[in-house]
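Here come two complexes built around subunit A, the first alongside subunit B, the second alongside subunit C.
Let's turn to the complex of A and B:
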């Protein structure tokens, strides 16, 4: 189990499609086993999670009718547990309040099972042309149906992931480690197992749940691997109290060393790259770029910033706001205006989601465009990246490995509203025009536009989150190990993992 | 379609009012519409301008070609001043001016060429001090001017001396207004030849500064054309009628250009291609629709947020733009998705990511410039550059009417900036207050990023465009 879980952790989101059908069965049965093993001993700690599940069960009085792909045949001994485990799954129709995204609310019509099934079936077929291999199942936006082993802190975190409340590679990793800290704090080793073995088993469902909410980032994968490593290395003879304390300390240390201290080192170096009069262009939002710019501003260097942003997340807006509030001179462009923005810039600072071993930068979609333009203008492109985001993976284009985002996010509420008047103009063959003509008087809601798009056979909206910037567009990568060319990424990666 | 559409000021209301209002009134009307951006984008501007010029010519009284030229030019000046970035307006005016000249020349036969040319050069002998007005406009430099470097016959020059030089033959392109380095060699050549034929006058010629061979030509021009119009009167040719015919041809060209471009689609799209395009351009949609009739391919559509992205989605959902166009029934075409063409809408930031799968990029344009570059909706430069870095061919679709004799010396002059509220809504007052939000509407795409232009005349390399410019515009009219 620990091995498969570890493998899962390492596995990139890209392979999730292949892994999915197998996972539907395998982890579930494994889960059942763990559940059986745990349940007698650690009820107290899991009480919160249990309560969640029970509450959900009460809501669905209908009982465990038809789960889409739940394990059907199990021994009677487990039936009871399974009941509590399965029941919440049927509760998909009930949107949890945390689902803030307006786009999601309309995908919860009465027959939820069929709906979600159809979606899962439809999506890969529809979008198969480009990212079909990346579609697995729609992102999870509620905590129903999760294993009761999942710690409440992790449950909350998952929802924050899926709604982009916690966004950004480093932030997600740190938040995950903090949630795991909470998990370890409240952890008691059940009788008959050792901490090193059991805790890793316990991590499995947590990680799986987080991945269901949003595929995890490279840095999260690195951190998970590291965490499992130190858990495995824990001496079984150490008393639980001590082992837990050590683990917590290790995690704190990891965050301090790999993120906090690294950030400080990076921004200290990066600030020296900002000269008086510079115009720094940055794309979307990166916490390390933000820190650097703020520190440079605080140290009195006169410079200005251009923030280039893109829909649908508009992360750059937050960055621009923060910088402007700090008193920096900020100009704000959308990606369509990037070729104008780049003319006035003198340097480009980029954050990273990950640095690939072939020197390519895996970052928010659009980064490649900005660095391409900068390269065409012979502007230096500087990537600020902690070494925890380095990966041994390689990629040549943005298609083989990527994270697909829900296409509904493409149209904002106001844009949908602007398209509402089109209803009478929709082509005759369109299903909406044929079936809904009697309901002409009814006021159509902005969400209808999404239905039109979904209903029209050949029109697809497509959205991914990342793209891969060729190494030749990048002039320098600043890490806590120093400033290096992109070709040195694999070396530093080995250096940082082999300590 | 909707009754409200008639009330909204725009192309339709303008065309309707044109029938009743006098031309002077209509000129003011169009200027107002252009200034208020109520008529935007190349095609509506072109249609409106053509209709207006037709009206102006229609109301023109008399037979004096020169006065007609002046009248059209003055209208053109006012229109372009109202909205200099809608280059198409100027293009149409220049086309009509060229048309008038052509009509006059055709009717007078070779004579006019002689007259106007000698008319131009004769004053050089008399008023040396006269220099052409300095052209501040970017369009004043044109490769066409290089034609003026051609050395000419000494006999020509000799004929200048005689006052009856009307019958002399000259290369028509000699009539440059301005003096630039290449042109300046012309008088020198002139006078060197002249040394032999005109011992007295040419010596003063040599000493005169470079501008002497290229006077404004206005006074002489009208003088000659006066003579001409006398000539015309004697011949009784129907100046107005022929010009009107020409304008109607121009209108037909405007109507036909999309179809003609679409007819070339089969030569450029092959089966199972993945084509990336952007904006809600009718030309591109018709082109793709035509190809979709018997080829299967896939379209990736960048939505060009935030400028006109609603129109993009409109086109993708319904197949046509709703705004501006009210003559919907006669140009009905099915939208791509209905023809079984899968269309993938992507945000503009995805262009680079998706480009590795794209076989061909088809761009719509706002204006094509004489050097082969183009001005297109913002984001076009990104797309073209990404295509370049993936070695994907970039095809630009454009009617000839969008082809402009303008050279992009000052890019900022060509780029229009739009409402920043479309980028960050003004409700977010704090943000708008502190941050400089910018919203360029257009991008300039340099010629080296474009592989092919498809116009209604066929496919051309970007480097060839200047020739098409030369075919369609008179050098005299480059500066309105």
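Let's turn to the complex of A and C:
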């Protein structure tokens, strides 16, 4: 968080140098007992925990004026890092993270302060077993410590990313481009630089902030690369208002060509693949699959839909509801019932997060399972994917490249509650039972369950968001260039990037 | 598009595309359907008085639609018409490619087109010989080749192999007992091969699995090669592919690249043609009984049967998916099934 501020190139280097040592010292003075040997990742977690502790303290002492010295010194350090940020602005930044919390609780209530202190002690590498390399940064749920250069539209967007309010790779890409449009609209080139140079620099912190909120999708990466390319190619001699207007137009055109028009083409082809009497099975939720099904329904083809879904995001619920509201016959299964669901289906339609150059599909975790089941039943598996989601990268498995989401999302509030009564069964050696004997049975909140899991040495919970479906389980990829076998993905990718 | 077609309506009565197509096909039995279609279209343009690009394209579209509607199985034909249309669009939109300025008379462009169209037909005819020379290298000394139907490309390939005196091989020829033009072509090839001292065994469809143990490779022709690298071919090819795969025999397809179609069937029943192969029925008297019981429903079924002309099992086709195919031998080289889509993308984008 504050580290990101230090990393930014836009900030004067002297300031960031000042910030670094202060950053390291602050947690030690604040909580001596937790600050032992710490890695950067741990440091971050610790700081998050500390911040929460501070907030809680503020609440109890009723009033920000009465904050103890420890946090205050940290406050000072933060002010230093932010450099130009003024005191009232800093005050303002404090309530904002608390405001983002409700959106976060949709998925998972934030862990209480003591629990996250303990979390800080653990090595995240161990947590993930062989997914350890993916735990680079904990997801950011607030805009504390963000660079001052990040545009408000981007700030808001980041929070929408981290809380899954905006979810799905196309939606995320379009939202990002729209936020960048807002940035460009309000942009003024400082004296002594040119637009093409300075704007690229300005994009850096925006992208970095968005990535901290949630790792960016393949489509976002493609769009960013494209945007940077056209900015760099802007002639420095063009007047600023013209250059800005051209950029805005280009972005609009990109969205229109690569998403809106592409979606229409894909939809039109995909609808022809839905025959009367078909039972279309889909997994989770994809906007293009939804559009296709709705269009097919509107054109009067009698067919029904099976939506297979899984926790924790339950994206399929929304899809099922939308389709049912449109008058389609929908059946809803969880992934545990997928083997039954597949028996009634006649075709499988899948959305994509990305198509890899070796023809593999990178999509919501569980997709591979569904397509393998379909293949075993020799059902056609059809992927609907705009070419903007194609990438030159290859993926052999779901381990090397993936996104790890906060594991606490895995257990919903009610599930945690249901596990509460198991507390007496915890092993004697478990830290929770040994440490908290005085508070026995006093009040056990559902969030304690997470505490147990995190404290235990041999139980980890892991939530990855994506998986990779091998090309041989995919029969057809429908893109705006027509229908292709998965093996033609690199050809179309080359075609779509070279034009 | 409807406005442009109405524009093209004028020269239509003077030219019968279907008759031309049939005449061309009858004149030269070496000609395939897509090439005959292209030749007919070239002739149509030559007869017309079109003077603009839009008119030409509209005329072409109209003739293509008429031609497609006139025959029961337009898959193979549509490969040719699509290709020609694509070729026209690209050349007409880029007159510079023909070393012609935009100010040049359309007549010059048209003449260029017509001569090039003829060139295309000639080249298509030559491609069969080219395929034959590529394909013969796949037949090993002493091999037994399994093939089916009356494909002219396969015939040319086998004949070429037989003519080269250095190679000895045997052929197992699958021929259906029906008296279709397809099996006539097959019988001709069989007679030719036997005349060249190539031992040929003729078997029915039902004996494919039985003979497969003695077979080293399978070579089949195709009516159309579809986008995913699968083929559309005469009925019985799919089962040969399945059997060959299960016995680990290489399964090669020989097809000219003008047979590549922009079509992506997902299954046997996903083809854009009507086939009456699966025709469920019950004994006549039982049918009559049920007709009295549920008259309305039976009427519907009968109505449906009458309305659909459809292909029967004599002239039907099936779809062989790409995972059963080892290689596709074309005049531009030997392709893997997945390369077909790349070739098609190259043509279309």
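Just so we're on the same page, the second predicted complex is superposed on the first by the 374 of 499 C-alpha atoms of A that agree within 3 Å, B and C clash if a C-alpha of one lies under 4 Å from a C-alpha of the other, contacts with A are read in each partner's own complex, and residues count from 1 in each chain.
One rule holds in what follows: contacts are C-beta pairs under 8 Å (C-beta built on N, C-alpha and C of every residue); 3 or more make two chains touch, one makes a residue touch a chain.
Predicted model only: the values in this text are computed from it and were never measured.
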item	value
Subunit C versus subunit B on the shared subunit A, clash or fit after superposition	fit
Touched partner set for A:337, first subunit B, second subunit C, both or neither	first
Subunit B versus subunit C as contact partner of A:446, first or second or both or neither	neither
Touching partner for A:401 - first (subunit B), second (subunit C), both, neither	neither
Comparison of subunit B and subunit C by subunit A residues contacted	B
Touched partner set for A:273, first subunit B, second subunit C, both or neither	second
Which of subunit B and subunit C A:422 touches, first, second, both or neither	first
First (subunit B), second (subunit C), both or neither touched by A:221	neither
Subunit B versus subunit C as contact partner of A:320, first or second or both or neither	first
Which superposed partner A:492 touches (first subunit B, second subunit C, both, neither)	second
Shortest CA-CA distance in Å separating subunit B from subunit C in the superposed model	17
Residues of subunit A contacting subunit B in one complex and subunit C in the other	none
Subunit C-touching residues of subunit A, taken from the complex the two chains share	273, 347, 380, 382, 472, 475-476, 481-485, 487-488, 491-492, 495
Complex interface listing, subunit C residues touching subunit A	227-229, 262, 264, 266-267, 270, 322-323, 337-338, 341-342, 345, 348-349
Interfacial residue positions of subunit A with respect to subunit B in the complex	127, 129-130, 307, 310-312, 317, 320-321, 324-325, 329-341, 364-366, 368-369, 372-373, 376, 397-399, 402, 410-411, 415, 418-419, 421-422, 425-427, 429, 452-453, 456-464, 466-468, 470
Subunit A-touching residues of subunit B, taken from the complex the two chains share	274, 298, 303-307, 309-310, 313-314, 316-320, 322, 334-338, 340-354, 356-357, 377-379, 381-382, 385-386, 389, 415, 423-424, 430-431, 434-440, 443
